[in-house]
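Two complexes, one shared chain (chain A), two partners (chain B, chain C).
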Partner chain A sequence: MSHDAQVYVRSQTEFEYIKQKRKKDMRNQVTTFAIMIFLTLIAFTTVAAGFSVYLIVPVILLLAAIQVVLQLYYFMHMSEKNHQVAAFFLYSACLIAFTFILTFLTIIWWG
Partner chain B sequence: MDFNKKYTPQTWPDHPEQVTLEGKNKFLGFWLFLGGETVLFASLFATYLALKNKGPSGMTFSTETLFELPLVFVMTMLLLTSSLTSVYAMYHMKNHNFRGMQTWLAITVLLGLAFLGLEIYEFNHYVHLGFTYGQSAFSSSFFTLVGTHGLHVVIGLGWIILLMLRNAKRGFSLYNAPKYYTASLYWHFIDVVWVFIFTVVYLMGVVG
Partner chain C sequence: MSSIAKKKGFGATLWDYLTTVDHKKIAILYLAAGSLFFVIGGIEAMLIRIQLAQPDNDFVSAGLFNEIITMHGTTMIFLAAMPILFGFMNAVMPLQIGARDVAFPFLNALGFWLFLFGGIFLNLSWFMGGAPDAGWTSYASLSLASPGHGIDFYALGLQISGAGTYIGGINFLVTIINMRAPGMTYMRMPLFTWTTFVASALILFAFPPLTIGLFFLIFDRMFGGNFFDHTMGGNTIIWEHLFWIFGHPEVYILILPAFGIFSEIFALFSRKRLFGYSSMVFATVLIGFLGFMVWAHHMFTVGLGPTANAIFAVATMAIAVPTGMKIFNWLLTIWGGSIKVTTPMLYALGFIPSFVAGGVTGIMQAAAPLDYQLHDSYFIVAHFHYVIVGGVVLAILAAVHLYWPLMFNQMLNETLGKWTFWFFFIGFHCTFFIQHFLGLMGMPRRVFTFGANQGWDTFNLISSAGAALMAIGVIILVINIIITVVKNVPVGNDPWEDGRTLEWAIPQPVPFYNFKQTPLVRGLDTFWIEKQEGNKEGMTYAEPVSDIHMPNNSFIPFVMTIGLFIAAFGALYNGEKDWAIPVLVLGLAITLGSMAVRSIKDDHGFHIHKEDLMNDEGGK
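The block that comes next holds the complex of A and B.
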């Protein structure tokens, strides 16, 4: 299998530009991380504060979903180009995952 | 086949993990694998939710009495931070800074080991209380779900350590860049699963 690739030598300007861009991307990643920490803190304090179960459960599930989307789209780069097939694999898996959980829970509730 | 070709920061491609055919295949194959992992964990989550708090009559163990949030909070923070440190590692890979990447991966490994240590402590504590694997349907499903995640942490740590050691004196090439990239994807995926575990198992367990 090929490990070869065309070598492209960047000009100094291109090199400076791409370095700046990567730095900016990394700053965004740190912001994403701060948001994820914040969401986790909200989830734990909501539970510690002792609100009604019917409020807590939907709220923490929503917070978890947001955090996972951030992780997938930013930390795992799904927001970048060339990730259509990756997204297709993952969303197909999510569909099966959802079916599993629905099936198992309805068996218990109705059984 | 010249996969030991040396690059400089000037010539290093923007997406070193995806320029070669091998890299592209690894990338796609790995996402397919992550889809499979999602299905695996979904089946374990579904089993856990169905069997939660169920066991022999007179069982005193329940999610409300068993779980302690401070420990789970510390574990969550450790794993979440290790996710950021592996993002830093990939940032340095893009900049062709091998030393920087190895350093951040080493920090990731240390955070992962701390997480694993706490998980072993937690399981050990439960077993001492009498909440063993075979104690009830609840305990089996709990240990299988959280233990499978723990096994993934062990595999991820072993993988990253082996990569770091094997390539320590090689530096970057288009041959090992996809390997590092997929290992970091795997590490992020471990954190994705943990987000659902701390929410569905621990937080929802404490509220009942």
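The block that comes next holds the complex of A and C.
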């Protein structure tokens, strides 16, 4: 610690605000968690119910995509402020990876 | 802890460099190790040109020639050009943005040692049964058939040194995003910092495909995998895709920092603000993006089909637009400037026509039908040497002269510097310009000799003579460096007298904590603004003098690297020697063990106290 570091004491109002905010965050997290469990249940059910593979695969992929988004935004805090750079890099990577996958599919494996 | 320099013995200095986490010392390590590999790669280049100076020459055998060309390409790209640029990024970028170090000093050291030992491992192949011989691209159908351990050294060595580069790239990204001084907004960052940023982002996205490709190759060659073996259901083309998904951004990883260096030089020695700063930033980012969309132009003749070829041809040609923007911006920076033709400026002026020539031949190859004619001919060799030597190497040589006073507080001799330039520049054009015509006359790339009746003798001899001139240029540079180091005349800060950016405002020699007080940045070309307003100190401060937190030196990065180095030998001899697997396990245990030590042991660093800082004149 620095010699002349200042110790910051929160005021009562700030404390109340933060408490309320944390409570809201917690509710969000639990809700998201519940949704994710529900989505996982749907995925397992589609397989257990023995639907056609052409239905199961797209459904599971779609659910997986939703799960990734929920995970990133609610559990990995991308919905909060000051995450623009991380988001920018993430979407750039998605775009680039999409190009690779598309090319591989079209000119190596299907072509 | 005082920053007053004490005379230290050799052992203490060596230990200091083995354990250092200071970005300025790591920069010197990168520069020294990169230069060593540059000389090794240069000697390999000379051997190539001696062999090709005459028809039907038997100076080296065909097999040895293949090893030499492979190692020349691999060494120059991975072990010379990139590390030397990393050296300058380390030396300059934190100072340009007003940071006291990079974001992760420990990782910075780890990145360096991984690169160095990867490079040493690769070069040990010369003494341990033969170097890799499948070209720097190491196409799988060829490299899987290569006997001996050459390709194994290639795959394992590049894997280790690639990890180092990757760590370095992430470190620079985090540093630039998080550690800019107050007021240093993105659009006030000097161009060298911007290009470091974009090049690091390219490393972030381009190295994983290489890592995957190399792992596949390692498994195929050493552990019985079949990723690229078509007889076993593999696909050899996948290596080519993975390699070029990495390989094309890789050339932008090299050229973007070179663009940054030249942008600094043009503004500094034209004594003008860089023309079109925001369009330069835009062009840099755009080149970075497009760099990922064009890799298949290396594979036009593979048989991807006309649709794929057309798409990649058009995407490739699009890159000429942002690059052209940059060329015009540089020309307009010089236009009407009060130009000083110093050695770095000479390199920058020589760079423009050389690089444009390389770019134009690039556009020719982007036209897929024409590429069928040019593919694997000396035209290609001429093209990529025009962009890499005419762009990257000229930038490196310029930066050696430009940043030498910043890194070592000494000035390289200007007269010798200009001799270096002219020998190198004339030698470069003499070597490679004529190779365009050799290519058009049908000389294939990578041939170890040619017949006297093919009409290629004179042109090849001219090319070899040019290579000798380049070697003379480099030797003059080495003499220049030795003279400068022996004389050791301190030059102080702002030695070029027209420094514009923050790194020139720091007192020399640069204190190990860089900035006593974090500077306040009030615009683009911070130091220039302060000078114009008559500020004698050259900086406006953003904070009062207070304690500075510094990281401790650490030996762990070195040990971690040694572990991987040992493990690589185990992997190399797998299935051949009994001790292979134990050695592999031992090496990985050393690395994982040192990682555990690093994680468990708390290392809080130390503080330089305010009182010591007040007493310390900071070398002024």
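Note that in this section the second predicted complex is superposed on the first by the 98 of 111 C-alpha atoms of A that agree within 3 Å, B and C clash if a C-alpha of one lies under 4 Å from a C-alpha of the other, contacts with A are read in each partner's own complex, and residues count from 1 in each chain.
Here is the rule we use: a contact is a pair of C-beta atoms (placed from the backbone, for glycine too) under 8 Å apart; a residue touches a chain by one contact, two chains touch by 3 or more.
Keep in mind that what you see is a predicted model, and the values were worked out from it rather than measured.
Of the two partner chains placed by superposition, chain B and chain C are both touched by A:89. In the superposition on chain A, contact of A:48 is made with chain B only, not with chain C.
Touched residues of chain A, counted separately for chain B and chain C, are more numerous for B. In the superposed pair of complexes, A:100 makes contact with chain B and with chain C alike. By the document's definition of touching, of the two partners only chain B reaches A:18; chain C does not. Residue overlap on chain A between the chain B contacts of one complex and the chain C contacts of the other covers 2-4, 85, 89, 92-93, 96, 100, 103-104, 107-108.
Listing the residues of chain C that touch chain A in their complex gives 177, 201, 204-205, 209, 235, 237-238, 241, 245, 289, 292-293, 296, 304-305, 308, 546-547, 549, 607, 609-610. The part of chain A that touches chain B in the complex is made up of residues 1-5, 7-10, 15, 18-19, 22, 25-26, 29-30, 33, 36-37, 40, 43-44, 47-48, 53, 56-57, 60-61, 63-64, 67-68, 71-72, 75-76, 82, 85-86, 89-90, 92-94, 96-98, 100-101, 103-105, 107-108.
By the touch criterion given at the top, residues 1-3, 5, 7, 9-11, 13-15, 18-23, 25, 27-28, 31-32, 34-39, 41-43, 45-47, 49-50, 69, 73, 76-77, 80, 83-84, 87-88, 91, 94-95, 173-175, 185, 188-189, 191-192, 195-196, 198-200, 203-204, 206-208 of chain B touch chain A in their complex. Taken together, the chain A residues at the contact with chain C in this complex read 2-4, 85, 89, 92-93, 96, 99-100, 103-104, 106-108, 111.
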